[in-house]
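Heads up, the next two complexes both have chain A, just with different partners, chain B and then chain C.
So, the complex of A and B:
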């Protein structure tokens, strides 16, 4: 073996060349291919927005944007396309999820990075990675079986035993979405807190601050952009969630009197109605208009998130 | 006097902080407990459904491809069990005798042979739930076709996502020349990343079902899912391309390799674990996603072509099935079926992650060989 290697310089060069053979990919072709991949992404994005906007704008023209956003009844059978119940349902349950799920997640992330012992830290992270990988439909099913009866009992305890309330409604969907987004928000927050330079913590300790003061008056304020991006991300995911919410929200197309009455959201109404409405009818077009509103809002959220997170990346 | 009050207040503050810290810790642990309970419930309840061998008279159906499918499922099930056993045995052996290269070979042989033997001999003794057909109205439905579709979707959408995603990432990380094109591309990717999955579903519905009148198909579903995954795959791949040490590429260029050859032989092998983790994340989303699939691939499976490899037929996945059973299913045992479906789904996701961890090791070996070569 030793002899084979130790030969003339030409030989060892020969070996090198054989180890890394000349690529048979022509340079120009590869360059064109990778650029075309980028072009494909661009083209499909434009196509996606174009297709949705075309159908959605037809719907907006037919119904009018005012009723689509603020009309109070959604009843395609009677040509009523009031989108307020849908918009409210989406917004309230996502906001509830941000309060119920994202707040504890951020606080737990602070505890995890600043106070938790190392073995707890790694296994906690592992658990949250697993929980974040669980499909949302599975959370939806668990909520349908266990959470909805529980919330129903709670509702009857609040409003009296024979009042017209139940487990299906905004309360259930907010709790479900909160449980669903918490792991993701927590993981993102942990990353944001871990990016805070360590010498800030040391400086704070050297000034006599306790670990608690350091965590809440130095580390958290420094990482606020990252934390906000994490919460925004959770909010966007909660607002876009479809099937899991559809399972627990009840599906009534009205503005609910309280948090324990059935209502609906934009995305779950789209899935439910799309199976009945024929393409080209006003009912179908109105659904695309709602989807277009969802698209515009989520793009706006992303633009906000991008401006928030950009300086963070540069630092 | 002054001094003692200061110390006192400090002490009082400290005990309050200790209390708050304890409360925060307890709250965090109870948050974790929620997920532990949920996962334990899933595993126990679903596992009970999976191993219940009630009335196992095998229905010899005439659906094309069912025999092959049973063979594959048996190989996967027994292979996974053997793999788990071999991991435990290896951990024990290594603790007792230290590591040995032969242990690796033996355990690989063991896993392969158990999988093959199980597939050959025991493929008709599988848990009925895993291989039988779903049933709308009667008890005892299974998830055989759903499992097949779920895995097939993962394969199909990966064949779209891998070349395009990696290509776009390579372009952005190495070949980008025009800043305007790049910023347009980044905006497009950010937009795609922000869209709720239902919007993708509507797009797929418009293009494939309404415009092309092709009906529900796996192809449409896989296309939509790969669009959904593109921003993720491009982002993670680009990050791992940026993590490749500059010296390695410079060395390759200095040896006379062109930029394309450098990317092919140095950059991509080094970034392989990162690309792989991007793919695993995207496969996880394929397994989990339901809304876009309902609108592009439908909510049913057909008895005539349930196991056909043609991508131009409709078919539901496990996630869609889980939703469908609970929202419009009429079978009396839908709680059981849901538990089993959820458990199979989780098991598939776990298996994908474990497999990817193995694959990343091999890729990592390539990377480390490169590092050694330049040292």
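So, the complex of A and C:
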């Protein structure tokens, strides 16, 4: 779509008309159709942002951006719209996921591209592609049945049998999200590492470096932008994940005392509250504001990613 | 020149499409709600009745739907549960023809007509374990303190030492509203783990040691500890008898609200649910439901 618009100055337009004078009907039809499709996709995106902003900005005006980000209590029934528990829940579980899931994923990618034998490499990749395609509700359900009780036992082992802790909370959601984003981060990292020119590895070996030294001191530094993009992508996906997180986070709208107490995230609170939100009420507007904040954060992450990946594409 | 005219048309189309996103419609016309309402209120055939709302009432509506659809060929009853408050919102917006609710409609919703189809009791239910085997009943004030978070351990209720884990229903829940009004005097629940439907809550209660919540009696089962309430010297079990005689206080009417008086297919279905045949033969066979007619006490608000 962008390219179509970019090529419309008068000269290129005339050149095209010269190349295909009096085009046949089907040709023109196809062109209109393809352009309409391009316009449709763009319009959908703009409409989405427009609708979200229209209601979200009303909410921000009514409640104020400061309470929406830093207020400590979210209870729409009592007109309390403090978004900090939601923001904190989203941020901490996504950050935890990046640490728990993305770190091993990147290292596994290094092993896979630099050390694993070729047959292992391709079948491992196949397996990760399958794992990346598993629907999130499946991950969430498995976590609810198997992970949450396990984390609950761990919590009681740490804080004592009589303490008020359990499996629902940030610990569970961080581990779950880590497992969920790992395949995607791994696949993106493998691609980034594969883009490192092979002669760098040969030069390194010729200088007498061991394979480990080559991997960690030549290949990884060269691919760092791509690896960071992979991690950021994982972070963005973890921050936006809804279904699976809602199943294990507990759903309490407070800042938790520790990682083993129930809390909530922006996306899961939207799911929780939207059925109760009457259009036009402050509660509904505030909910849209939180959705808008989530969108802005995601867009920011995407922009960071683009800035990071641009020089690499050129080189 | 074809290309240019195409582009102009495209730009115009785009501008027209984006415009609703930037015009000056007041916020009360919030787009998502309006859009979903319009989608749901699409024309329906004569025999179709759309219902949404309370999950506590759903077992009864499903039973009625089955019988009604076999007896009336061509009739179609569509039921979805999403909480009592959603039912009330949906019926006033016109998205459904009947809104199921455990609670009375707000006083400002004057256009809604109430049809009381049953009575349902609610009780505190808990995970069963050795730590609470000796807890035979709980006083109303103690129960309130459990759910506001003041009492934190089963030993304060006469059981063994085990932290109490309060699990709440979502704020849209009628069960939460009724239990809160009768036991806590309003929605004063401690902020805690939240489940958004009764079925998932039952599973969670069985899984979590020390947990306690509140459920309609239609969800009562032997694997859960259903707590009798101590009133004066007596421990009152939540049973059909104690509720109809007014001894057990935590109950509510199950309402089916219509917008204005019911007509056509909606009226025919409501007449069936309220018919003596359904009320005295089918309804008592569904676990947890009590016919309105046998109640010896009445209420006009929650």
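Definition applied: the second predicted complex is superposed on the first by the 290 of 315 C-alpha atoms of A that agree within 3 Å, B and C clash if a C-alpha of one lies under 4 Å from a C-alpha of the other, contacts with A are read in each partner's own complex, and residues count from 1 in each chain.
Simple rule for what comes next: a contact is a pair of C-beta atoms (placed from the backbone, for glycine too) under 8 Å apart; a residue touches a chain by one contact, two chains touch by 3 or more.
Bear in mind that the values here come from a model prediction, so they are computed numbers and not experimental data.
Participant: If you stack the two complexes on chain A, which partner ends up touching A:262: first (chain B), second (chain C), both, or neither?
Facilitator: Once the two structures are laid over each other on A, A:262 reaches chain C alone.
Participant: Check the residue A:66 against both partner chains and state whether it touches chain B (first), chain C (second), both, or neither.
Facilitator: Touch status of A:66: no partner.
Participant: Give one of first, second, both or neither to describe whether A:224 is in contact with chain B, with chain C, with both, or with none.
Facilitator: So A:224 meets neither chain B nor chain C here.
Participant: Using the touch definition from the top, say if A:279 reaches chain B (first), chain C (second), both or neither.
Facilitator: Once the two structures are laid over each other on A, A:279 reaches both partners.
Participant: So, does A:51 touch the first partner chain B, the second partner chain C, both, or neither?
Facilitator: both
Participant: In the overlaid three-chain picture, which partner chain does A:36 touch, first (chain B) or second (chain C), both, or neither?
Facilitator: Both: A:36 reaches chain B and chain C.
Participant: Please determine whether it is chain B or chain C that touches the greater number of chain A residues.
Facilitator: Result: the larger residue contact count on chain A belongs to B.
Participant: Overlap of the chain B and chain C footprints on chain A, residue-wise?
Facilitator: Of chain A, residues 16, 23, 31, 35-36, 42, 46-47, 49, 51, 55, 279, 288 contact chain B in one complex and chain C in the other.
Participant: Along chain A, where are the residues that touch chain B in the complex?
Facilitator: 16, 20, 22-23, 25, 27, 30-31, 33-38, 40-42, 44-49, 51-52, 55, 104-105, 107-108, 110-112, 115-116, 124, 127-128, 130-131, 133-142, 144-145, 179, 182-183, 210-212, 236, 239-243, 246-247, 267, 270-271, 274, 279, 287-288, 291, 294-295, 298-299, 301-302, 306
Participant: Inside the complex, what are the residues of chain C that reach chain A?
Facilitator: Residues of chain C touching chain A: 1-4, 6-7, 10, 13-14, 17-18, 20-22, 27-34, 82-83, 85-86, 89, 152-153, 161-163, 165, 170-172, 187, 191-196, 207-208.
Participant: Spell out the residues on chain A that touch chain C in their complex, using ranges where they run on.
Facilitator: Per the touch definition, chain A meets chain C at residues 8, 13, 16-17, 23, 28, 31-32, 35-36, 39, 42-43, 46-47, 49-51, 53-55, 58, 75-78, 149, 152, 162-164, 166, 168, 250-254, 262, 272-273, 275-280, 284-285, 288.
Participant: Considering only the defined contacts, which chain B positions touch chain A in the complex?
Facilitator: On the chain B side, the touching residues are 13-14, 17, 20-21, 24-25, 27-28, 31-32, 34-36, 38-39, 41-42, 163-168, 170-172, 175, 181, 184-185, 188-203, 205-207, 209-210, 227, 230, 234, 255, 257-261, 263-265, 284, 287-291, 294-295, 319-320, 322-323, 326-327, 335, 338, 342, 345-346, 349, 353.
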